[in-house]
Amino acid sequence: MDAPDQIFVLLKHAVVSWFPTPVQPWISAVLSIGAILAVYPMIFALTTVIERKALGRIQNRPGPNRVGPAGFLQFAADGIKSLTKEDIVPRAADSVVHFLAPLVVVVPPLLALAVLPVGRNMVALDLPETGLLFFLMVGTAVELGVFMAGWSSHNKYSLLGAMRAIAQLLSYELPLLLSTVSVVMLTGSLSLNAIIGHQSEVHAGVLLGWNVFTPWGAAGAVLFFIAALAEANRSPFDLPEAESEIVAGYFTEYSGFKFALFFLGEYLGLFAVSGLGITLFLGGWLPPLTVLSWVPSWLWFFGKLAVLMGIFIWLRGTLPRLRMDQLMRFAWQFLLPMSLINLLVAALWQYSTPWPHLLRWLPAAILFGIPYLLYHRAFLRQHPPRTYRYAS
Amino acid sequence: MSAATLHLLLAAAMFCIGLAGALCRRNAILVLIGIELMLNAANLNFLTFWKYGPQPQPLDGPVFVLFSVAIAAAEAAVGLALIIAIHRRYRTTQLEEISRLRG
Amino acid sequence: MPPEPVLSLAFAIVAGLVLGGSVAAVSCRNRVHAGLFLAVALVGLALVFLRMGAEFLGFIQILVYVGAVAVLIVFAILLTRGSDSAHERRSNAPGIGIGLAVLLWGVLAWGILHRSPGAIATPSPPPSMAVRDLGERLLREELLPLQTVGLLLTAALIGAALIALPEPGISPRPSGSHGSAGTETPPSSPT
Amino acid sequence: MLGGGILHGLAVTAKNFVGSFTDPERLVTLGYPEERAPAKENARQFPFLVFDGADPQAGLRCVACQICEKECPPQCILIVKSKTKKPDHLGKPQFFPATFDIDLSVCMSCQICVEVCPFDAIKMDQEFELATNDRFEGLLRHRDQLARPNAHFQKLHPTDAAAIDARRAEELAKAAAAATAAAAAPRKPAPESPPAA
Amino acid sequence: MNPAAAPRTFEVRPSPDAADPVHDGSLLEVSLGPQHPSTHGVFRMDVVLDGETVVKLKPVFGYLHRNHEKIAENTSYLGSMPYTDRLDYFCSLTSNWAYALTVERLAGLQVPERAEYLRVITAELTRLQNHAAVCGFLLQDMGALGTPLMYAFRERERILDLFESLTGARMMCNYMRFGGCRCDTPPGWLEQARSVVTGFGAFLDEFEALLSSNEILLGRTQGIGILPRELAINAGISGPMARASGVAYDIRKVDRYGIYDQFEFRVPLGDHGDVFDRYMIRALEMRESLRILGAALQRIPAGPVIDPKAKLRGFRPKPGESYGRIESPKGELGFYLISDGGPNPWRYRIRPPSFINLTILEDLCLGRSVADAVVILGSVDIVLGEVDR
């Protein structure tokens, strides 16, 4: 039963045991790194194709359908194109910083992906003390890369994009962090494995205890994913690269392979932060029901990742973009207070363990319902429904 | 030479570089950079003594560092806000040009 | 963990990163480069922390300093760009500052080299730093300081927002005055 | 409720996503080089010259009257009248274009040349895949390249072509009748055949 | 080394005017366009930004200037007709109509009834496809990644198919002639048009469900780019823009040109004059157009489509002048012609709605952010072919 679940773990052990003991840790590390470097860019390549096809279908057009079977090799064509394109560095650019920026954007998400448990016993870098912190720490480094790209290009659009990006990333980091804090509070550990382990207790015989099945977890997941969209510059928060306003934002002056690196870094960041969301709220590699535990754990993780990507693509195909001040107001006036309330709800949940189940949901419903109604009223006051008259 | 000595020397060097920066530079933000370096040197010292020193309290150093980091964050935020406000009024961040306190 | 050699290659690298970054940060004429070099120095320092077994603090260091402080600094440089020429004028007498700093370092180094062997003679077992213990310590023994820091951060947040708000004019800037519950804010929140 | 509008929008896009697989009314895109939209009879791209019979030279309907050259708004037609004459379909000697050039890079497909032509000699083609590497000569069409058989015209614009063919057949019949009448009265000079209107 | 090959260095020149905030660096001068994704063609906005706030905006146009009016004065009356297609290349049929109307007034030609119906039908179809595309473009500018635009274009394609089978071309229709229309409908065209019109209502419902209640759209468009009623009147704004500001001015009602007096339709008016109102007014106008189309397709009589007196060649109206105007989808499109009896107009002048609606762009954008400026520009609905002529 464990064979398909543990196939990659066993494979790695088999390969590592071929080598003499002193080099075994190194081989193990190389294998893990190699797996990350192979798997996630591959998912990235597939995601770009699927995203374009799905967006096409949302927009009633077929999407890429020329290269390879049903267009699925489009990523290869794009990759070759970006590799063979001329790499243009503007003469006025700060060439060293301009060169380093894409690297600073790509490397942190790869590091972050290393600490995500993608299956039972499948984590490249297990940090039992500080896993979550490592993840968040690595995520912040992207800001610097974005800034470097925007500043070094010596382009006004790039500069505007970089300023937007930094303001956005800094503001949304706070709700992102705060919504993870509730999970840490209730798990009592920063270790991602422990967080998943905490979600594995079985309720009602079949349902696993994913955090998202609790009030604070559900709200936290919503807040987390909103903030995650913003951190990953995804629509409707893609202001730093809003093509209708500032052309391509901070990577306006990048072409060829460096442009592809930005693209890659953005998607890897999206995978990483979605993977974190899966780990924190959606039970990581755990199945939702006990009867489904025969499905390999890593399939659950990547399946959840695929579902999240689908939702993100769907959102991207539907929503217009926010404006900068609305974006900031949303972070500070909605996400931040709500995530603080969520902390309170999480604490109440923790201390109301002996209460009957429905009663435990009550404070959460009140604590979220009242602000929601208030926001609703404020919105209606700002945007009352309009009627139109007709000329006589 | 022990590891502690090395770390202390490093911290001292960092502190002095920060000091030199804070003294020599005329741009407010660059002075702030020097101050940040000095604060970090202090943090390094705390950790060095925690790691290599005698340990009356096991977590004194890290706790100190944690508080210092928090305060440094607050200091940076307020300092930069001040610099931006000053810049908005005087259109400069050169320290010697900011010679009046009244706007 | 095996006992480490006193001057390992790794230490040399990270120390070089710290010192090189620091020197470049205070001496770079281009202000944005200075800010970026500050980030390099702080990353180096975080690596030093990691080598000392203070994983938690190393990550906090990067989270706060690189993720927030360095970014804020370069952001401030951007916002105040163009006020003076791209490159800052040199100080009239950099020698004084540099001399003072070198002198200070000499004194400190002399003190460290001559006093430390006695002071740090006892090679105690390397302390471990469990995050849980740190949390316990902060929330039990250091509760009052923690609350104070929370208050301080909240005050800094509001103060910074108020200071940076423009005088009544056309451009509305986002105000950050809504994060007012300081006690729940972890001290590491990058503001 | 707050957020309801966004959910509405999501529902619409989801419906379209599914609809683009199930409902051909929604997925209107054609896979262009392989699939093509059915040609519309009225569609026009660029002009061509109609000729009758098999020989593009002998059968060319154009009589080099130069009306189209004059009326063409962007002035993309160049006609040089021949020195000699050749018989038209009624047997009447007519000038013919020694040169008939249309610069397709200038032509704006307005069809005014077709409307003003009294001889039904110039019509609109429906070919549009004219991309070429040569910027000047490549899109400059000469008389022989422009000449297309009447069958081509009949294929493209069947209604139009049927009317024109009927009229021309009628003219021909009238001319033939006049010719037999003239043959019956050999003393008299042959009457002028009416100009093709 | 060859001096020409020496690398050029870029240096920051000392500012010509130290007091100028653009040069002291606190303001950012950005040239949006002429190659910018959302300036709707080769249009340029010289924008001075404080942070992201527009403090100065100068529209720069002329990149697509083709000397249309002067060319028309040297071309026969008929020869200008295809050029009017290229004015507002989204709505060639209404441009045709305006020009034909003016020449008909000049020459005193009568338009047969069937031709009038065909003109109304094609003009209203044009309005449908133009408004749908504009709403789509507006949302594209807002960053909706083309989804509404693609839906709008899906419907627009159906209308363009109708145009192609009627006039021979999808966009450059060149359909109207002085005294009527160039040709009659091909068999089955009217049924096809009826089915398209029927389907369009469903599309409108879907479009509004997708967007009209979307909170982000409301936040992005309400209260943005407010055009006060007085300014709209004083600046000569016309079309949906004026009506969104509450100016009851629709030339179909004011002039009753053609046979618009035989149709029942309403003129929607907005009260706020912001981007959202302009969007909604267009959506509501599409519904009114559907009503007109329904009636026109029902009642269209048989008969000739062109005045038998109209001459194609050798058209020389008697000396005089005339002004004809219609309600094009963008606003009041007017042609002014003076004839000296020759084959060419002696004076030929266009009143382009896009151009005049664009003049107040700075008033709408000042104090708003760049993102708003782009959206406001989208809501003005310009076509550079018409602005630059």
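For reference, chains read A, B, C, D and E in written order, and residue numbers begin at 1 within each chain.
FYI, contacts are C-beta pairs under 8 Å (C-beta built on N, C-alpha and C of every residue); 3 or more make two chains touch, one makes a residue touch a chain.
Quick caveat: nothing in here was measured; it's all calculated off a predicted structure.
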item: Length of the shortest touching-chain route, chain A through to chain D; value: 1
item: Contact-richer chain pair (by C-beta pairs counted) among D-E and B-C; value: B-C
item: Chain whose Cα mean lies nearest the overall Cα mean; value: A
item: Approximate Å spacing (C-alpha centroids) for the pair chain A, chain E; value: 42
item: Computed distance of Cα centres, chain D from chain C, in Å; value: 78
item: Whole-Å separation of chain centres (CA-atom averages), chain B against chain D; value: 82
item: Centre distance in Å when chain B and chain E are each reduced to the mean of their C-alpha atoms; value: 61
item: Of all residues in chain B, the ones touching two or more other chains; value: 91
item: Shared interface positions of chain C, touching two or more other chains; value: 56, 60, 68, 72, 75, 79, 83, 172-173, 189-191
item: Of all residues in chain A, the ones touching two or more other chains; value: 58-61, 159, 163, 317-319, 325, 379
item: Complex contacts: residues of chain C adjacent to chain B; value: 4, 6-7, 11, 15, 18-19, 22-23, 25-27, 31, 34-35, 38, 41-42, 45, 48-49, 52-54, 56-57, 60-61, 64-65, 68-69, 72-73, 75-77, 79-80, 83-84, 88-89, 91, 94, 96-98, 100-102, 104-105, 108-109, 112-113, 116-117, 119-120, 122-124, 126-127, 129, 133-134, 137-138, 142, 145, 149, 152-153, 155-157, 159-161, 163-164, 166-167, 187-191
item: Interfacial residue positions of chain E with respect to chain A in the complex; value: 7-8, 10, 28-30, 36-38, 49, 51-52, 139-147, 150-151, 154, 210, 214-220, 222, 243, 248, 250, 253, 266-272, 276-277, 280-281, 284, 369-372, 374
item: In the complex, chain A residues that touch chain E; value: 55, 58-61, 91-92, 156-157, 159-160, 163-164, 235-236, 238-239, 242-247, 316-326, 379, 382-383, 386, 388-392
item: Chain B residues touching chain C - in the complex, by the definition given at the top; value: 1-10, 12-27, 29-30, 32-34, 36-37, 40, 43-44, 47-48, 50-55, 58-59, 62-63, 65-67, 69-78, 80-85, 87-88, 91-94
item: Complex contacts: residues of chain E adjacent to chain D; value: 75-76, 78-83, 85-86, 147, 151, 154, 157-158, 161, 164-169, 172, 174, 182-183, 186, 199, 206, 209-218, 312-313
